[in-house]
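Going by the order they are written in, the chains are A, B, C and D; count residues from 1 in each one.
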Amino acid sequence: MKKLINAVDDVVKEQLEGMLVAHPDMLKVNFEPKYVYRADAPVANKVAIVSGGGSGHEPMHGGFVGMGMLDGACPGEVFTSPTPDQMYECARAVDGGAGVLFLVKNYTGDVLNFETAVELAHADGIKAQSILIDDDVAVKDSLYTAGRRGVGTTVLCEKVVGAAAEAGYDLDQCADLARKVNMYGRSMGMAITSCTVPAAGKPTFDLPDDEMEIGIGIHGEPGQKRMPMATADEITTMMVNEILDDAAYSRTVREWDREEGTWVEKDLTDAPYVEGDEFIVFVNSMGGTPVSELYAVYRKVAEICEKRGAKIVRNLIGPYITSLEMQGMSITFLKADEEILKFWDAPVNTPGLRWGA
Amino acid sequence: MITKAQIVQWLTTTAKVLAENKEYLTQLDSAIGDADHGINMDRGFKKVMEKLPTVEDKDIGNVLKTIGMTLISSVGGASGPLYGTFFMRSGMVVTSKEELSGDDLLQLLQAGVDGVVQRGRAQLGDKTMFDALSPAMDALRSGLENQDDVVTALETAVAAAEQGMKDTIPLQAKKGRASYLGERSIGHQDPGATSSYLILKALLDSVKA
Amino acid sequence: MKKLINAVDDVVKEQLEGMLVAHPDMLKVNFEPKYVYRADAPVANKVAIVSGGGSGHEPMHGGFVGMGMLDGACPGEVFTSPTPDQMYECARAVDGGAGVLFLVKNYTGDVLNFETAVELAHADGIKAQSILIDDDVAVKDSLYTAGRRGVGTTVLCEKVVGAAAEAGYDLDQCADLARKVNMYGRSMGMAITSCTVPAAGKPTFDLPDDEMEIGIGIHGEPGQKRMPMATADEITTMMVNEILDDAAYSRTVREWDREEGTWVEKDLTDAPYVEGDEFIVFVNSMGGTPVSELYAVYRKVAEICEKRGAKIVRNLIGPYITSLEMQGMSITFLKADEEILKFWDAPVNTPGLRWGA
Amino acid sequence: MITKAQIVQWLTTTAKVLAENKEYLTQLDSAIGDADHGINMDRGFKKVMEKLPTVEDKDIGNVLKTIGMTLISSVGGASGPLYGTFFMRSGMVVTSKEELSGDDLLQLLQAGVDGVVQRGRAQLGDKTMFDALSPAMDALRSGLENQDDVVTALETAVAAAEQGMKDTIPLQAKKGRASYLGERSIGHQDPGATSSYLILKALLDSVKA
């Protein structure tokens, strides 16, 4: 294993130390327990948006803390969900009185830990709500699996809901918007190399030179299937079609009932896309794939959309939700209505995403 | 009777065994997960070892609850809240005890396993830690019902856990990260079932000692 | 070789096609010959800033075309200098009457090709000037080598001079500022893996698992020396000290005399840094190194600067001048005065660098 | 006399030889450069082959000038302007000729080499293409002065180029990308010297044919 690191156990801590000295205008860092939070937190009467998850996906989530996006981010160890004490204490630090919305990627670990955090925050008198992001179309059903993973849509949701909170949306409005963004978003990923978790010291999986993993998540885990390596055009076509043709997806999620202080089950179904839909398209590098290759992919995405009557109205291209140094990419479509576009275009000022400010 | 010293020994042995099996568990997790289970468990039980001296004078219930909270706030991932809940719930049913009968042990473990199911909602055959824990509980219960001594009953429980762990190999995962692999999860042993077996084995060894 | 590409020969073209469909608000692309230029070019009465070089360093240069930075960028084949016809035609497309400043990285190929372009532009009545960027302290002398390579300072120079042009600087003022930025900038790079030029199909060099290349350029070429792999702190310390302790550097450069229509030689000497100097610090990924590792490096840079009385007043952290998928990083210090800081902070709106707009 | 057909043959042979040696030259460049010299030269001469039919009816001077401009606008890198200049300058001294004497050839090549030096400012021993070109010119000149026929003179010139090429191995580069390597450039043959040798060899073969 070759990385620009010191001791394996200090990887997350030292990265946070770097962020703190690099961006004192945007964020602060708490180290025991670990969380990143807005430099001007708590922002009075603004809903606080908090996310978190395993480290190794940078800039997500810590790099999205700042004006117009996240109020707080809780980094776990590499590829390992953070713990409830981090989330709870982060929520306390950023709550400006209007409550805290947790944006949670749908992985068993994240879900279980954030559930505990919501309970702790609630017990402490903080208005807390959590919304699951589960947008990975590579996971086909929710009955025989842990359900779709939360991937690319997470970044777009954090941006859009962060801007809405900035604009004065209350907690329920933010939660409703987050739920909508999630239900409008679909992603798929692939990898051509594995990555190496520092503590593990060797690649998570072996991938022969002539094969690729399709339907991969963001944790360096193996994907849905292994296929012979193909051209960028072939790969892109396969993924975009899988996203655009994705059927209605149903699952039961647990959302927090603030009145009752209990979890309630909700059945949600994502409607399939239809011709004429407008989209924000996000072509993402898994880390090791250079942006030049992403543009070759985006070119093909645009071509297919043109043919299929899908209208791309905004895009994001780059490494935003990564898996360490893994080579590969993911494609996310987010159906965009006026509300979503307004908040997408709103100013954002974070280390990882910045415009209009 | 099982003494508090033996319970403390259990935790200590678990920490040792998980450290020894850190790479093995991580390797199992790299086949069908994200290559961190051994790292997670080792990190958590290293913290447990730091915490243990500060609670050794407390009763068994308190010791276990503290260990549970320590795991929750240090392991992360899926296994953190699950094992954390396991020990918290275990501790709750033996509040203020300084030693345990065989039946106490049964109740303690059963409460822990119930907690795992409540949090994680795994069913038998989903290819999770529950597939090792559940047969172990059945064996322990029938052993004690047959008037076996605790060590003998635990021996059959550990054997059942080991069998349950091995039986996860042909299963297709339906819970946790491995479920994303669909049929590709078949043919690999579940890391969480493996750590559960190791933890129960450590209990047996500590009670025998 | 595994990459998200189609035919090896189409790599540069398809990337440009992707940029064109992705950013029609910011830029346009000409394909025969290849150059990227501002969507609103030519901007009347504004000095046009044009850069270029081999491809494979994305987002540099094409990703820096847009308001507040470059007017044009000429991409060569991967790691190969572009040709004079590209530069000349690009200059014609972006000249708004106030002249064209070429920012040229000091590589024999780039220098020779841009020299021809200047001559062509001049012959065509375009006010043209070129400034060399040569900031790589890994190259020790200019007598027995082709001189210091142009590396990280290039990005900072394009940003600063681009903003100055936007603010109304004339051609000589832009050239003077560019020369100053170059003389105030010093960089050093390193790599822990090689990269693979698509057309070559295999890694440029082999690097054993326990070794690294120090003093590497940006073309996947071997570096100044090979050393045993070290920790991030050790590597960072070595590089920052080499930059801060760098002695006066002298060389003779050729600049265009617009009156005479000939090249004139100029002796330039970069003064060493002194305690109390203020800096823009740029920690750059070679492509494959994730931003998380850059933050660990930045943390150490900040610590050393603190100790040595070097004041960091701005920073840039991320993959901006890359070598395909190479893992490694470079560190750039740019001594910053009021003029430089003003233009650094000015709005910029390009695919690769964006703020205030 | 050397005919225009032979000059055209020279360019065609060069294109073929450079295509055959694309990987070899690139490999040499990967040792002390950026692994593109073979790719660059092959790309350039592929363009030359596209262009050639459109100028074949022009005189030798025009053919060479067009080839030079083609190289300049298609090769890039350091070698593009250098070889481009080489052919442009070569063409300039034989304007409107349809065939060449030995002396014409000498002047043509000398003008080309002078152009390379003027652009690139290389000195003998800098480990560049000039280290193959320069001894070749010396050999050609003295061969012709000794009244050798053109083929014989060219044969010694090509041998000298080959020797010059090999002699770049122990040199430390002082120009171009290889100079960044300092002492590490020692022990490797210069890619540009190698392509220069191949181009001169192609000339010999075409004149002999």
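The working rule: contacts are C-beta pairs under 8 Å (C-beta built on N, C-alpha and C of every residue); 3 or more make two chains touch, one makes a residue touch a chain.
All values reported here derive from a predicted model rather than from experimental measurement.
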Quiz prompt | Minimum number of chain-to-chain contact steps, chain B to chain C | solution = 2
Practice problem: Starting from the mean Cα coordinates of chain B and chain D, work out the distance between those two points in Å. | Solution: 75
Exercise. Express in whole angstrom the distance between the two chain centres, defined as the mean CA positions of chain C and chain D.
Key: 31
Quiz item: Rounded to the nearest whole Å, what is the centre-to-centre distance of chain A and chain D, using the mean of the C-alpha atoms as each centre?
Solution: 56
Practice problem: May I ask you to sort the chain touch graph into line, ring, star, complete or other? | Solution: line
Practice problem: Spell out all pairs of chains that touch, sorted by label. | Solution: A-B, A-C, C-D
Self-check item: Contact footprint of chain B on chain A as seen in their complex
Solution: 33, 54, 76-85, 107-109, 112-113, 115-116, 138-140, 144-146, 149, 197, 199-200, 204-205, 217, 219-222, 224-225
Quiz item: Considering the complex alone, what residue numbers of chain A touch chain C?
Solution: 2-6, 11, 14-19, 21-22, 55-56, 58-59, 63, 192-193, 209, 212, 229, 231-233, 235, 287-299, 302, 315, 317, 319, 322, 324-325, 327-329, 349, 351-352, 354-357
Quiz item: Which residues, counting only chain D, touch chain C once they are in their complex?
Solution: 26, 30-36, 39-40, 43, 72-82, 119-120, 172, 174-177, 179-182, 184
